[in-house]
Each structure stands twice: as structure tokens, then as C-alpha cells.
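Before anything else, here's the structure in question.
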Amino acid sequence: MTDTTHKEAQHLHRLILFSDAVFAIAITLLAIEIHPPEHWTSVADLLSQMQHKLMAYAVSFAVVGVNWIAHRRTFSRLRRADGVLDVLNLLMLGLLALLPLGTELLWENGTAASVMVYVGLVTAIGLAHALAWGYAALFAGLSEPMPAAEKAYVLTRVALLPGLMCGLTFLSIITHTPWGWLGMAVVVAGLSLVNRLMARRVQPAAIHAAEG
Amino acid sequence: MTDTTHKEAQHLHRLILFSDAVFAIAITLLAIEIHPPEHWTSVADLLSQMQHKLMAYAVSFAVVGVNWIAHRRTFSRLRRADGVLDVLNLLMLGLLALLPLGTELLWENGTAASVMVYVGLVTAIGLAHALAWGYAALFAGLSEPMPAAEKAYVLTRVALLPGLMCGLTFLSIITHTPWGWLGMAVVVAGLSLVNRLMARRVQPAAIHAAEG
Amino acid sequence: MTDTTHKEAQHLHRLILFSDAVFAIAITLLAIEIHPPEHWTSVADLLSQMQHKLMAYAVSFAVVGVNWIAHRRTFSRLRRADGVLDVLNLLMLGLLALLPLGTELLWENGTAASVMVYVGLVTAIGLAHALAWGYAALFAGLSEPMPAAEKAYVLTRVALLPGLMCGLTFLSIITHTPWGWLGMAVVVAGLSLVNRLMARRVQPAAIHAAEG
Amino acid sequence: MTDTTHKEAQHLHRLILFSDAVFAIAITLLAIEIHPPEHWTSVADLLSQMQHKLMAYAVSFAVVGVNWIAHRRTFSRLRRADGVLDVLNLLMLGLLALLPLGTELLWENGTAASVMVYVGLVTAIGLAHALAWGYAALFAGLSEPMPAAEKAYVLTRVALLPGLMCGLTFLSIITHTPWGWLGMAVVVAGLSLVNRLMARRVQPAAIHAAEG
């Protein structure tokens, strides 16, 4: 391994550690603005008074969690990092760090407008992530060897999934129907299927590359 | 080591780092809502006014600490991670991140109902942890080779210990008797004994597996 | 590798991890004091009411991001760490941790005086960083082998760039002209050019050192 | 390396990462309760109004920094970790996480009583750290091979230094004389000298152990 390659791998390692720390802080801060109500009589009363806050917390926790898992997946396909990836990744983290604010908006003001702002923020995080991946895999060649079709598939999944899941969740909550959850299950199952099909087709090439 | 095995080990490593960051933030945030009283005359007066808050802080710090130690122990037995473990681990972290809120509840409102909510939260954390371990060790085969009996023992200890310790602590504090502390000492000593007996019986197999 | 060399490399590793955690926390806390307004009618109204806060957030996020990238770059050139570097790095982190406070100042009070304090803080962070690098590379010999001219170039870039970028950004925002952005583009392009020229001249020596 | 030894080294690694995260969060949270005053006329006025808060911040930042450096030093001498070290280290971190609260006490209420509480807290952190080191090095044999005299010296330095430095700093600030700073310089210089003398005497043994 040349000195330069080693440094770029180190760079990627430090970028991942930094991102993980931001994810961890953002996910933990989601709960910090939630305070118990001043007066409550029973456990049922407490939970009913805090229902909106806890629901908003659960949704945002899931959003950060889904984005962390997506980040772990895309970055496990990278071999190196560069300065542009630093900037695009920071852009994504900068939007992610606004989620506690978006969550507060959600529980203080349950109007359609605040839901729109929230879904917009989640979509923007997904797009920034897709931008980072697209740059790294399609433009700068920072990923491990993989077919262009798979690169494009990862791009689509990363860019669209968080916004889609978020929208479908709200659909279920607002309409009080299970259609959103059902739609989400279909999307997850479908993507998982495509993922496996692709893995089967790609495996030999990947192993070949790893051995080469 | 094949490319896939290496990636799954990397996955586990990143999962542990992320969890550690969440544990560290949750444990540090426990103290952030504690503020000194506006008026106090002497150090004894200050401590007596802050007694409830400091007690609640100490209990919650111990709860997060016990869970961190349990997490370190279970995850040191794992060899790999997968997407489902990510989700179950996130579930556990999502409950853990609510502990600062539970702690606030505890000191602002010392009623039996708030203690019940708190113990319920701690128990839920333990159950989510047990779910993650049960999936990883019994279902998905992510752990190092170990006898099924030991897997089940770890499951029981991880699932029940935090809730049990928390309940016994409150028993001691509320009844002003040492029975809770005594019970806890018995439980810890008993588990430690079982642990050692099991380690002695398991060791040769484990070393064999490590050498194989 | 002798035991001492190994320990000094370990030391550097832990110093970097600790710094990354502080960077990550500082960047995430920037958003924590931002709360949505009490009354707002539409998304456009919300964004217009929050405009100053979001602008200040974006600027500070960029400042921490630029400093993180600079830190990653300078520390990737180091081979070892010592106690003095610990202290100088802590000094830099101590100033960085004041950025959320500086950001609050910026949005609550848009006067020239608060901008001055803010730019002063950013400049101080850059100077502390330059002090750490200057000590490590020029005085204590903690860096990898590199020509003295390159050491001095890194010093200048690290010390001046954050303050300069910050000043030019404010110039653009306050005067409502693109001159600041233009100036920044020129500076970045110029430094990037010098960087490449230097890399070309240095490469053979660096590779030689890595092989030696 | 046997499987057990590898696991204990992993254990130590994870313990250090977790501690670093807690140190980083505690040091960054020190600034979060500091807000700018509502009314101020000039930069000089702002700084004079915030003087006490910034002074308390600087002192606490130095205290956490000194403890982080001490922790890095003691833990770099360890080879393994065990469950008791986990608990003692958590005790130290639990006291450290109270420093933001102690800092608030310091700036809101500049009386001798609040200084006493603060110095007491800093001393308690040092004692908990010394307890962890004493257990690991003198009792459980978790450290690298080193003479008993050196183990005892590290114990003394770690236990007494933070409290001493903190006390001397306050002496200087309260009496408006340089004697405290002078005393601190003497202590640091003295310890640094003993450190070097000891290192010279110990080096051959350490290298021998590393080679063995």
C-alpha cells in the first residue's frame, strides 16, 4: 500500500468516525427538549399528555436511524475519501443536525405546514446523502469496484427511501389508516429483494475484485 | 478472510462505536438539566436542597453504566452484525435516550407513579437489549461459537438484571431499609458465580474454537 | 517499531478521536438553541422569521466544517503527539466550543460589534490551530518528513484561511455584493493551485520517505 | 495472542473510546449554559459583563483538559481492562459529568462556599481517577510491567495534581497575586523533572519488557 493510498483510507476512517459522532449526538438530542408536563394524575394521563411529543420523538429517531443505516451502507462501499466528499458529507450532517428543531416544530404545531417543513427537511437530507454518494461512486471513483447499475441503484435507494418512508409514515398517522405502513412494507420488501438479486449477480465480480 | 466477512466485522465495529457515542451522550446529558438552587446559605444547605436531583442523577448514571457494561459484554461475544441487529440496537438506544426525561420525572415528582414509569423504562431498555442479543446469538448466528445454554444465560442476565437492580434500589430508597441493596448484592454475587462456573466449563471449547 | 514509538502513535490516535468528538458535538450543538417562533402562518412566514437564525447556523456550521477539514489535513501529516500538542490542541478546542455562544450573539444582535466578536473568535481558533501545527511541525518534529517550505505553507493556510473566509463571507452578506464570495473563490482556487504545485514537487521525496 | 487476551485488550480499547466521548461531551457542554447578556453597548462592555462566565469556563475547560491528559497517560500504561475498572472509571466519569453544574455554581455565586464545592468536586474526580489507577496497577495487574515506585508516583500525581492545580488557580484569582500561578509552575516543573528522571531509569526495563 503506498503512502497516499494509506492516507486516503485513513481519511475515510476519520470521516466515518466524525459522521457517527454527529449522528449519535443528533439522535440523543432529539429527546432533550422533551420535558414532563407540570401536572399529571396517573401514568395513563402522563402518557396521553406526552403522546404528541413521544410520537414525534419516535418518528425522528426512526428517521435518524434509517439515515445512519443508509450512511453505514454507502460508506462501507467506499475505499477512499477526498475533500469534496468531506464537504458534501458535512452538508448532509448540517441538515441532519436541524432535525431536533424540525421535531420541535412537529409537536408544537401539528398543522399540515409543519409536516411539510419536516418532510422537506428529511427529503433534503436524503438528497444531500445521494449527492455525496453520487459524487464518490460515479464521479470521483472512491468506491470499491462495482457495476454502474448497482451504483445507480444505491443512489436511488439512498436518495428516495428516507423521504418516502417519512411521507408514508405521516400518511398513516394523519389518515389513521394502515395504508402508509403497508406501502412502506412493500417498498422495504421490494428493495430488499432487488438488493439480494443484485448481490447474487454481483458477488462473483466483488470476490474477484477483492482477490485481485 | 473473505471480503464479505471483513465487511460484516467492520459493520459490527461501526455499530459498537455508534452505540458507545449514544451511551456517552445519554450519560452526560443526565446532568445537564440539573441547576443549582437560586438561594442557599451553606454547603450543607446546598446539598440538602439538591439531594433529590443528585440522588436521581446517581441512580440514572448507574443505570446507563450497568447497561453500557452489559452492552460491552454481549457485543464482545459477537463476530458480525447485520441490518436487523442495527434496528434492534437502535430500538434499545432510542429507549436509553429517554432516560434524561425519566430522570427529570423522578426528581420533579417523587410519587409512586413516576417511579413506576422510570422502572418501566429501565425494564424496556433491558428487554430491547435482550431482543437484540437473542436475535444475534440464537437466531442469526452472529455470535462466536458458544453453547446454547450460555446464550440463554446471557439473555436472561441482560434482560432481567437492569430492571431488577433498578427495582431493588428503589425498594431500598423508599423503604429506608437495606433489603434492596442486600438483594442486589446477592443477585450480583450469584450471577458472578454462575458466570465463573460457566466460563470454566466453556473455556476449553472457546479456546478450541479460537484456535480452529 | 519500538514501544515508545508505538505509544506516541497511539497518543496521536487518541488525540484525534477526542478532537473529532469535540468537533462533532460543537457542530451539532449549534442548532440546539434555535427554536421555532411561537406564531407563524405559512412556510414562507416561518422561514422569513427564522432567516437570521438559519443564516447564522449555516455560517457557523461552515466555520466548524472548515476547521474540521483543516484539522484532519494537518493531523494527517503528523506521526506522533506529545503533551504540549495536547495542550495547544485543547486551547483550539476550547475556543471552538465557544462558537455556539458566538452564533447566538450573531443572531440576537446583528450589529457590527457582534460580527467583530464573531470574526475575532474564528480568527483566534485559526491562530490556536496554527500554533499547534507550528509547534508540532517546526519545533517538536512530530510531523512526517516534509520540506520546511511546505510546513510554513500549511501554517499560513491553517492560520489565515478560516478567519479570512469568515470575514469575506460577512463582507458579502453585509454589503449585499458578491465581492466577498468572489474573493473567497479566488483564495480557495489559489491555495488549491499552490497545494498541487507543492504536491507535485514534494511527491517523490514523500514516497521516498515512506519507502525508507 | 490468546482469544482471552485479545478480548481484554478490546475491552480496554472500548473503555477508552467511551471515556473519550464522555470527556469530549463534558468539555463542550461547559459552554452551553453561557448566554450573551441582553443589553451591551461595546465589545469591551460585552466582555466585562461576561467576564465571570468566561473565567469560570476557562477554569473548567482547563480542569477537564488536565483530567483528559491524565487519563490518556494512565490508560496508555494499561494493557487490559476488567469489570471493576469499568465501574471505577464510570465513577470518575460520573463526577466529571457534574462539572458543568459546578461551573454554573461558580459563576452565579462567587462566594467562598461555591469555590469550596467546586474544588471539592475537582478533588473527588482526582481521587476516583487515582482509585481506578490504583486498582488497575497495584491490585489487578492490568498495567504493563513497571516498577512499583513508578506505579505509586503515577497514583500520587493523578490523585493530587488536578485538585492542587485547581486550588492554586483560585488562590491566584481570589488574592489577585501571582503566587498561585507560580506555585503551579513549580509543581508542573517538579513533576516533569521527576517524570524524566524516572523515564530514564525505567526505559531499559520497559524496552526489555516490550521485546520479551
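In order of appearance the chains are A, B, C and D, and numbering begins at 1 in each one.
Just so it is clear, contacts are C-beta pairs under 8 Å (C-beta built on N, C-alpha and C of every residue); 3 or more make two chains touch, one makes a residue touch a chain.
Keep in mind that what you see is a predicted model, and the values were worked out from it rather than measured.
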item	value
Chain whose average C-alpha position is farthest from chain A's own	D
Fitting chain C to chain D on CA atoms, where both chains share a sequence, rotation angle to nearest 5 degrees	90
Interface residue identity across copies chain A, chain B - same or different by half	different
Chain A and chain B: spacing of chain centres that average the CA atoms, whole Å	26
Euclidean distance of C-alpha centroids - chain B vs chain C, Å	37
Where chain D touches two or more other chains, by residue	17, 21, 25, 29, 32
Chain A-touching residues of chain B, taken from the complex the two chains share	2-3, 7, 10-11, 14-15, 17-18, 21-22, 25-26, 29, 32, 83, 86-87, 90, 93-94, 97-98, 100-101, 104-105, 108-109, 113, 116-117
Touch list for chain B against partner chain D, complex	16-17, 20-21, 23-25, 27-32, 34-36, 40, 42-43, 46, 57-58, 61, 65, 68-69, 72, 76, 206-207, 209-210
